[in-house]
Structures are given as C-alpha cells and as structure tokens.
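As structure tokens, the structure follows; a few thoughts come after it.
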Amino acid sequence: MDKRINDLGQIIEKILPEVDGVLGLKTGPGGIVAPHLFVKERPEELELMAIWPKEPLPSVIRLIQQAHPEAKLAVVCRGCEERGMVEMFKHAQLNLNNVTLIGLQCTQEEAEFCRCAEPFTVHAKMIVGQPIEGVADPLTEKIAAMSQPEKLAFWKEEFSHCIKCYGCRNICAQCFCNVCALEDETWVQTGHLPMGNPSMYHLVRAMHMTAKCVACRECEETCPVGIPIAIHFRLIARDVKEMFNYETGAVIDQKPPQLLVLEEGDYERTGLPH
Amino acid sequence: MNKYLLYPGCSMESSAKAYMESLNAIMEPLDLHFEEIDDWNCCGATEYLGINLIPAYSLIARNLALAAEQTKQINGTRTIVAPCSACYLNLAKADYYMQERPSLGVKVNEALEAGGLQYKPGTLDVRHLIDILVYDIGLDTIRSKVTRPLHGLKVVPYMGCMLPRPDYQNRWSDHEHPTELNDLLRALGADVIDYPLTTSCCGGHMTQIGPETAFELIRRLVADADERGAHLMATVCPMCQMNIDAYQNETNHYFGTHYHMPVLFFTQLMGLAFGREPDELGIGIELVSSRNALANIGVEVPVTQEPTAKRKKDEGLPMPRRWTKHGAGKETVK
Amino acid sequence: MNEKKQARVGVYVCHCGSNIAGVVDVVDVAHWAANLPNVVVSREYKFMCSSLGQELIQKDIQEMGLNRIVVASCSPQLHEATFRNACDRAGLNPYLFEMANIREQDAWVTSDKTEATKKAKALTAAAVSRVIHQEPLEALLVPIESNVLVVGGGIAGIQAALEIADSGNHVYLVEREPSIGGHMAQFDKTFPTLDCSACILTPKMVNVGNHKNITLLTWSEVEAVDGYVGNFTVTIRKKARYVDESLCTGCGVCQEKCPKRVIDEVFEAGLGYRKAIYTPFPQAVPNYPVIDRENCTYFLKGTCKACEKFCEPGAIRFDQKDETLAVKVGNIILATGYDLFDARRVSNYGYGRLPNVFTSLEFERLTNAAGPTSGNVVLRDGKTTPKSVGIIHCVGSRDKNFNNYCSVICCMQGLKFAHLVHERTGATVYNFYIDMRTAYKAYDEFYQRVLEEGTLFVRGKVAEVTDAARYSNEKGKLIIQVEDTLAGKQRRIPVDMVILSSGLQARADSKEVAQKFGISCSADEWFIEKHPKLDPVATMTDGVFIAGACQGPKDIPSSVAQGAAAAARVMSIIGQKEIQIEAATAIVDEENCVGCQQCMAVCPYQAILYLADKGKAHVNEALCKGCGTCAGACLPKSISLKHFTDLQLVSEMVGAMQTMKDFETISAEVAA
Amino acid sequence: MTEPKIIGFLCNWCSYRGADGAGMARLKYPPNVKIIRVPCSGRISPELVLRSFREGADGVMVLGCHIGDCHYSTGNHRTAKRMPVLKKLLEYAGIDSERLYVNWVSAAEGEKFAAVIKDFTEKIRALPPFTETMKSRKQKLAEMKQTEKEVEWTSA
C-alpha cells in the first residue's frame, strides 16, 4: 500500500474536526475513483480514500465554494493543482483564505506519466510524500526542435483527429468562463470537421492559456483521440517566463503579465522593433 | 596597470625621436605599458591614400591584422595606440572603411591573404596617445604626478587637423575647438593660451608639393602664436612639429619675418613637469631652440609665479560659460 | 441576426474632384457596390462633403428609408463628423454611418488605376458589411466645468487668459517664472513697428494682474492632470516664494538691501545681475519678489536675513513651504513657449569663447534701457562702442547638424538689430543671411528701410568667426569668414562685434509636459496640433489646446492670434454647457461575465469597477475613453467596445477579404 | 502568382494618421494592405489576428503608437505583451511568424509607414500563399460537400 495513503489519512483525520470538509479522492462503487468531500460526521469513509488516478479537484472546490462561500475547506492537492488554485485565486474564482492546502507530492512514476517539470507543492504547509526533481518533457522538446514544415505536418495530423468534443476545455480548471469564445461562430467555424490546420479552436485556446496553464495534463489525458494539445500551452508558458519572468502559480500576488504595463527590460525581450 | 598595443610609426624613430624619448620617460610614472606590434610597417602617412586606395589600405590593414593576431594570442587589450596623428588617422580610416564599404574590406583581405593575414573590421579600438592620457589615465592622475609645475610658461596648444576630423568614433570634445590638449597642459600647471587655430592645417606634405602654400599656413600659425605672447607651441603630431620647426626659418626668409617660435611635443612638457631633465626628453635637438623659452621655467631656477592679471570685478560684462561637450554643464544640450 | 435583414444601406462614392476620380474609377465602384448585400442605393458624386452631397444623403434617407449609410471618400479624420451630422439632420442615428478611406489610403497612394479601383471596392465592401452590424448609440452628455487652465504666462498665454476672463469665465494662469511676460518681456523693440516691447506688453500684464476672473499662480508648475474634456482635475505645485504675498507691498527695499549679487541667467540672459531676493524686472506682475534658495546666504549658511530686517511690513517667511492645490477645470490651453537654440553648439561661431560674440537675447538686454548697460550697445568690456557689427542669421536653424526647420523670426530679428545698431552707434553693419524671409504685413517694407539705412547684406552661410588675424587690418577684430554667393568669392570681414540671430527650439522638457497633458510631440519635440492647416490650436486630446511658439516657431502677431483662437475654441465649448463625450464606450454583458477582473487590470483609466455582490464587472461610462483594451483582453468576450465590437471588426475584415478573394478567383478563371 | 492579401489593424491616433500622412505626401506603396481602424492597438485581441488568418489573409499587420505616445497612455503596452506571445505560438504551430508584423508608427511618420508597408508586402510575397487554393469559400464548401475532402486553410 502506498505509504502516502496512510500519512494522508492521518492528516485528514487530524484536520477533519477543524474544517467543514476535506476534498480528496474516494474509490466509489465498482472501484471507480472520484472526487469526494470527507466530513467529520462520516469518518469511516476515510478507509476508501484513494490518491490515483488524478482528478481536476480545483474545479470541484470552486463549485463547492460558489455554493457555500463561507465554508472552511481543505483540499488534497498535487503541485499542479496547487498552482491551478493560485491562478484561479488571481482571477477571483477561488478564495484561498477559506481553503487549507494539503500538499501531496508526486512519485517519479506519476511525474513521468504527466511529463511534469514541477511534481511538488510550494505553498502547502502540510506535505505528504517526498518532493522529487521534475522530469523532462521529451515530446515538447521534439516538437520545439522540428522545422516549420514538420511542425505544420505534425499538427495537421493531430488536429485532423479532433472531433471538437470540447472535452479538453471542460476538464480544464482554468476554463471557468460562463460562455466560451470557442463556441462562437465569429471565431471557430461551426459544422466543420476535421478542424483544418492551423485550427482556430486549438490556437485560440492556446492564447487563452497564456499565463494560466499549470501543466496538469488533464486536457491531454481526457482527449479521446490523444492530441498532445498541452505542448502548445507549455511552449508559450516557457516564452512568457523568458519574456516577462512570470511562472503560472508560482507567486500568489504576482498578476498575469499580459494585463500589466511593460516593466524594466520587458520590451527588449519581446523582440519587437524599436 | 594600463596595457595597450603600440603602433609607433616611422617618424617616432627618426624625425620625431624626441617624441619617443619623452614618451618613454613619462611611461613609468603613469604606469603605462605598451606592447609594440612586431614587424609593423609604414602607414603610408598622408601621401599613399591619395595615390591608390586598395594598396594603401592593404598596407595599413597589415598592421591591424598583425596587431589583432598578436593580442589574440596573449588575449590582451583590443586597444591599439598610435602617438602620431597621421598613423592614428590612417589606422582609424582603414578600420572604419573596411566596415563601411564591404567591397573594400574584401579586396584588402584578399591582399592580406597573400601574407597569410586576415583582419575583421571592428576587432581593434584605434586611439591616439592623448586620448588615452586624458580619458583613460585621467587628468587627476597626471596632475598628481607633477613635481615641477610649469607656471609662467605660456604654451599654445596645437592639436593639428588630422586628430579631430573625421571623428569616426565621436571621441573628441569638439571638431573645431577641442580642449583635450588645453586641459592636459593646464594640468601640468602651464599658462595655456586660448589658440583659435588649434586645428588649422600646418600644410602636411605641402612643404614638398607647394612650398609657398605651406609657408603661408605655417606663417599664420606662428604669427598668431607669437602675437598672443606664447613662449612655445605644444603639439601631438610629428608632422606638425617637423613642418613648424624645420620650415620656420624658410618661412621667415620667404616673408621677411623674424619669428622664433619653438615647437615641442606635449610629452616633452609632461616629462619636464614630472621632474625629468631636458636631455632625457630630447629637448635641445629641435631646430628652433627652446632654450630661452624654457628659461621662463629654467630647469635650475624655478621662476616665482607672478599672479596672472585676473579681470577686476564689476568691470565689463560676464563671460558666458564655455561649451563643454563631455561635462555639458547646467544648460541642457539639445 | 434579424437586424442584418432589415439593414437598408446607401453607398455614396465621392469623386473628390479629381483627387479620387483621377485614379479610382468611381462610377465602376458605385455600380459594383450596388449589388452588395443589403445595399439599396449606390451613387457617386463630385463632392460628397459639399452641402449638395450631404443633401443627397438626407433625401435618400427620408425617401428610401435607408437605415445605414456608407460614404467612400476621404479619411474619417476629416469628414466623419460632417457626414454624421448629415445623417443626424435626416433623423438617422449618426453611429449607423461608416466611411471607406479611398483617398488618403487608396487613390493618393496607388499609381495603378485598376489596382486602386479594386482596393476601393474592397474597402467599400468592408465598410458595407461593417455598417450592417452597427447599432445606434446615444452620446453621453456631461456638464462642462467653466473654469479654464492656461499654462504659460507669455504673450500667447496672456492673450488667451484675458479673452476668456473678459467673457466672464474664470481662468487659472500658471507660470513657472516669478513673473508673467515670457520672452517678450526681455525684448527692447519689436519688429516691424519698433514699438517698445514693454510698452505694449505691460498694460496686458497689468490687466492680468488685477483681473477679477484670473487667479494668477506664478512660480508654480502643473504636477498632474486627470479626467477628460469638461472635467479635468489639475494638481498645481506653488513653489515657496519665502515672501507672504498678502503682506508684501512690492516696495523693493529687500532687493536693494540684499548683499548677495548673482548673475541672472534667465531674464538678463547671463549679461546682468540680480540679488538673491529678486523680481525679474521692475514691471513684474505680480510684483512679489522670490528668494533664490541656491544663492541666498540664509539658506546656505543660516546667517544674513538682511531682507527680513528691512522689510517694513514683515512679509519675509523663511519657513514657507511649497503648496499643492487641486483645481477643477473644463479646458486647458498650453502656451509654454520656446527655448532659444544654444549658440555654443556652433563652436565655429565662437560664442562662449570669443568675448564679443553675443546671442540675440543678450543683444536684446544690451539695447534695453532697463538692461545691464541701460541701453548702450557696448562690447563685452562694458565700455567700447563697436564701430562695425556683423549679424549672422539662421544660427542653428535650416542646418542638418542642428535644426532642419526655419525658425521664422531670426531674419526680422536680424534686421531689427541692424537698425538698432545704426540708430545707437552709427557703426557699419553687415547682415549675413541665406534667404531673407520677411513674409508678413509690413515686414518687407522694414527690410527696404534697413537696406536704405546702408546695412551691408552678404548672402552666404558664415563658415567661421575667428580672432586669428592674418592681415594687419584684422588685428584685434573678429574676422567673419564667409562665401559671398552673390559676389562669387570667399570674403574675410573684420568686425568689432558679432550678434548671432539664434533660432527657436522646443522647450527642453516638452516631451514630459506633453506626456502629462496626454498630447504628443513631433520629431523636433514641438507639440502636435490636431491638423496643421484646419485645426492648428486644437490637439488630438479633446479639451487640451495649444497656442504660441510651443506649437512651432512663430512671431508675436501669430502667437497672439493663436492665443485668442484657443480662447475662442474654449469659450465655444463652455458655451455648450454640456458636452457629448465619446459614445463608443465599453459595456459588460453581465450575463456572460464571470468576474475574472482581467478587464479591470488592463483599463488605463480605472473606469471598470467590480460589483462584489453580483461578482461581475461594470463600466463607469463617464470615465471610459473607449480605447477597447479591455475588449482585447476579455477571453469570453463579455466586455465589448460599442461601435468597435468583435462582430463589426470581423465583418469589416471579412468584407475586404471576400472581395479580394473573389477578384482572385475571377482573374484565375480569366487566366485559365 | 496571386497577389498577397494583407489585413492591417491601425490605431486611430497614431498609425492611422501616419497612413493618412503618407497619403497627403502622395507616397506610393503596394495596394495589398486593407486597413481597419481601431481606437487603440490594445483593442486588437489575438483572436482578431487569428480570425484574419482563418479568412485567408497572407499577412496581418498590427500598428500602434510608439511606447509612451499612446493616446490612452498604456493601451499599446498590452499589445507589446500579447503579440509576441501570439508570434511564438504561430511558430510552434508551424506558421512563419513573419506573417504577423507588429510595429509602432507615429502620426508624423508618413515615410516610415509607406516603407513599412512596402517591406512587409515584399516579405509576404516571398512566402507561399497562406491558403492552398484560390477557390473562394463558397466553392470550397460546395467541393467539400461532394467529395468530403479535408478543408484546409493552409499548406506547407
């Protein structure tokens, strides 16, 4: 049994009386693991507590908070989920003051699964498991190294499979808009499959992910045809870091860069003409 | 430790021997170290560029190539110093035009290839000796080294026309009335005379081609210096020194005048100010003798310094502040 | 999408005489546009902006029930307002109108006729498919603050302040120096009439001084400006004078008794002296002195206090502090004037090195009876009267090393100096000019008169002024080396004195001042007017006007005219009591908004506030200036900018692209 | 060879007036650019640029005021933050990022405007057309219906 489960179990047991509920994962009937709010009235449910596979807990906690803004909650969150919640806090979608973070560190195997560079939490005070070094992301490096025609062909192949199920948008914790621009004919052609290349859907979504994507890879996992769309998000995240030294979810009070005026040295790094 | 590449040039070993000796004399106190470029060749002075561009620039660029190679091995400084204005200008021109006109650069490098040499324009920073002394060593250091201030010696600063124009790297304080030499001589304690012809031409090689023109140009320089009560002229260029010194007699003869205006190198005056003896500085070998001029500060008998007549208060209108490019003073400069 | 169906568009293609019709086949464009979707009528006409052209539109709106108008003609900068008013008069909301710029951005810039016509069609189609999606907008009316701020107390600022104050409106006149008067107060005579400058200026200054509608704030500067036309809030910093203005009688005893003499670099142009406590000149308005902290012995060493001892009303306040006051004004007039070109930069003219080379302002102080030499024209030694004077024109102007432009006043100024030298000293006078520019009323007559007085004119650019004499007659003189282009030879003219008629330059801080007032500067850093010919005193920022030399070199009559013009523009705005402000402001679709506050972070005017209870953003239309940065940042597109919505911009783009693509297919079929 | 189709988004206060300035000075430049006036370059969202590419534009220009000159003080700062990220994204998607041109032109810079248009048009003319076929959208749709062929709006 994974040592982290009983460490986590102990922490939740200790914290349960102090909060209205702890959001984590539970193996439900038929062995399906799903998000679950453990409450002090039903401690016995803790036996069924699970930690894998990963679920988009930040979206769930946002819904709970919207229903019960005053509720005192705790949430089990991995590095990416923690960063996701920080970004949602910056966009007034989540009130972190009412949420206690329980930092679950990923294992090497989990990190490799998500090709994650930062499989550890930074802000959470309570830590479960040992933080490990990030792993490389070979696929993104491969794409970045490709020549322009190769990239065009690669994405043409990938996007041609897309059935526009909006799964990648629905799963994403950062896509909290009530009405989505991707469903608007002005931007994305309706009734057109395959998507064509470059596809408005994916490029507009990539621009929306500027200074938002925390590389939780939920979109890639959930995509029925396995399009590695997060590659775009990670590549521009790297440029945003280089140009405006901003890392998603890293610093709580640092505002997303594209909303701010140019700071010292920013303009030179953008490569725009003088 | 101020380390530079040195391109001495032909005159430093012959007609301007005094310049070389006085330079050696002042190197030690100013902690100046020169790495002479081995196997350097003549820079073609003012004549060759006028006759045939490509071979002239190749001749000059050979020195740059040698220097670049030499400093690369010892990964030393990239600044090459030329004490003579003509050499400085030719080196600076070669470096500038090889970049400005790539076709020239290509042809010159083809020529250098024959000798197994190569020069990429911009690798070296070409500068004149006075530029190094005023801006790298600095006037304060020079002032601190003065043991025998030259008070009472009225000196006319004569920069010559090749230094400030054309000013590719925008180094000098002004292109018509630069003050670098004035400031340096003032730092030595000399009474520097405000000389309007400081960058007027001395005739250069006109003494060979059109003597009458050269004599008139020299007459103007010497007459104005004499009229302003100068004891002697200080210059930074061997060609200017030679023209005024060697041809002053013929000029007097041609115009029936009797000027006796000695002209020395500014490094000789620096040597004196640093307390060195005249013979170590090549003083005395000049044709128009500077003996009675230096009597004013006589090596043995330092002349007591009578106060210069300062303008009495309330008399006349105040002079506006001088134009200084580097320290632009209070007024803003557009 | 139903509004698209009801759209009945009228297209009007303008010939603009031959400006457009000379290159674009306007008739073909009109016919082609007729069968664009929703186009009901498509005409072409010689001059759409003429009253007949406008009536054409009005008649069609009334008779054919048009509810959208497109005019393909010149730039909207020129006639958007004209055609909007025409639609308004015909009862059609002015925002249901769109222009296609087929003159400045097509006919005038394309030589190939067929390409120009194709581009005109594409631009017209773009305008048509945009106008269909435009909605009627009502401009927000905002009350006008009647107070006016005038910055700069020179002649232009004085004229503007007086005209506005006389019309019964209150003016705050802010001047950086201790007294108003500007450069004109330094002059002795003015051309061409040779009126004494002080005599014609001081009466106006006195009027300003005791005008009930003018609050005079000298020795003060504007720190910040917020708000918009009709509702500016201006923060003004009133520097400490160290003199209590309520007690001071202006008797001047303090100036007499003050022991510290300082060279007056500003008013006396460095030629004369003033005390540490001073008023710039006797007729100063207001006549309260100012203590110059840098030179006052009390502030330097804590001793002296002579002025305090002798000040009978006890008005000296050493502990006085700077004050800042915030005022509400509806309009602003900038009349900040010019700086003189620094003649030192032309090192070969020797100013600053050769004693007897004077600048124009120095000479003005020499000839001025109240100047340091009580009007005697003398050399730098303060005694000798010059027997020969050389006046050099265009110093620093019309020169690619310094300022390319002509500074307008230096020729007349040079002629005035020539006359004054003749009158005062009888010396021989040389004027060195490139072109004699005496263009305005009675200017050339003055030139003739100076000619007849025996002034020697040499046409040529002076190469050098030197004191290195070559010949005996040049000893002790300033030799002017010049190429006399009429005589066709080099000349060396020895003179005793040289006067440099220097050019004008933008104020050293004009860029910062422009930034503060939200206007922009040209490459030479003069303030940019709304339109060089048609709107010289307005700027692109509504409510901010410019007058006088700050907009470019000009003489006193033009500065006064511009001062009055700016005042008239301001009074016409005040007269409207209310002003329509930008109707195309941002608006939030509260149903879609998710309250992520991205729009609030990008808004340069903090015009968007967060409704905490609903968790939605809301636009304060009075503050919104319609830049649309929020619409560009909102991901779900819930905030949009009226009249520049995504749908409108995309339709405009599609209209143009579709036309270009159709032309391609036609030419492809023709080729096949 | 088809003429490149270019869409230019110009800000009303600086670049649009610069364009008018070029017109008043009668400076000639290629007619390929169709100019759309927006109040500020800050109004231009990445979606507008991408939508222009989707419509078949071979090049898109975004011209605003020089940094510090913006009529709305900092509108163009956001442009200088968004557009470089979009350029990078285009590169990753295999599109030549030269197709998106961002620059600053003041109201006084008529010559610069004409020069900028000439250079950009030449640069785009050198690139292959952005949409693979010259057929208009209607024809492509009709074709697609018959042969269910992929609709593509770009090619290598």
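In this document, chain identifiers A, B, C and D correspond to the written order of the chains, with residue numbering beginning at 1 in each.
Methods note: a contact is a pair of C-beta atoms (placed from the backbone, for glycine too) under 8 Å apart; a residue touches a chain by one contact, two chains touch by 3 or more.
Please read these numbers as outputs of a predicted model, since none were measured by experiment.
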B-C against A-C, pair bridged by the larger set of C-beta contacts: B-C
Between subunit A and subunit B, centroid-to-centroid distance (C-alpha), Å: 70
Centre-of-Cα separation between subunit C and subunit B, whole angstrom: 49
Separation of mean Cα positions, subunit C and subunit A [Å, integer]: 53
Between subunit D and subunit B, distance of the C-alpha-averaged centres to the nearest whole Å: 57
Multi-chain contact sites of subunit C, meaning residues that touch two or more partners: 602, 633, 637, 646, 650
For subunit D, residues contacting two or more additional chains: 47, 51, 74, 78, 82
Chain pairs in mutual contact under the definition given at the outset: A-C, A-D, B-C, C-D
Residues of subunit D that touch subunit A when the two form their complex: 46-47, 50-51, 53-54, 67, 74, 77-78, 80-96, 102-104, 150-154, 156
Contacting residues of subunit C [partner subunit B, same complex]: 263, 270-271, 339, 341-342, 344-345, 347-348, 350-353, 355, 372-373, 378, 380-383, 402, 464, 466-470, 475, 505, 508
For the subunit B and subunit C complex, residues of the former touching the latter: 174-177, 194, 196-197, 200, 220, 223-224, 227, 315-323, 331-334
Subunit A contact footprint on subunit C (complex, rising order): 591-598, 601-602, 610, 615, 633, 635-638, 646-647, 650
Residues on subunit A engaged by subunit C in the complex (per definition of touch): 91-93, 176-181, 184, 186, 208, 255-256, 258-260
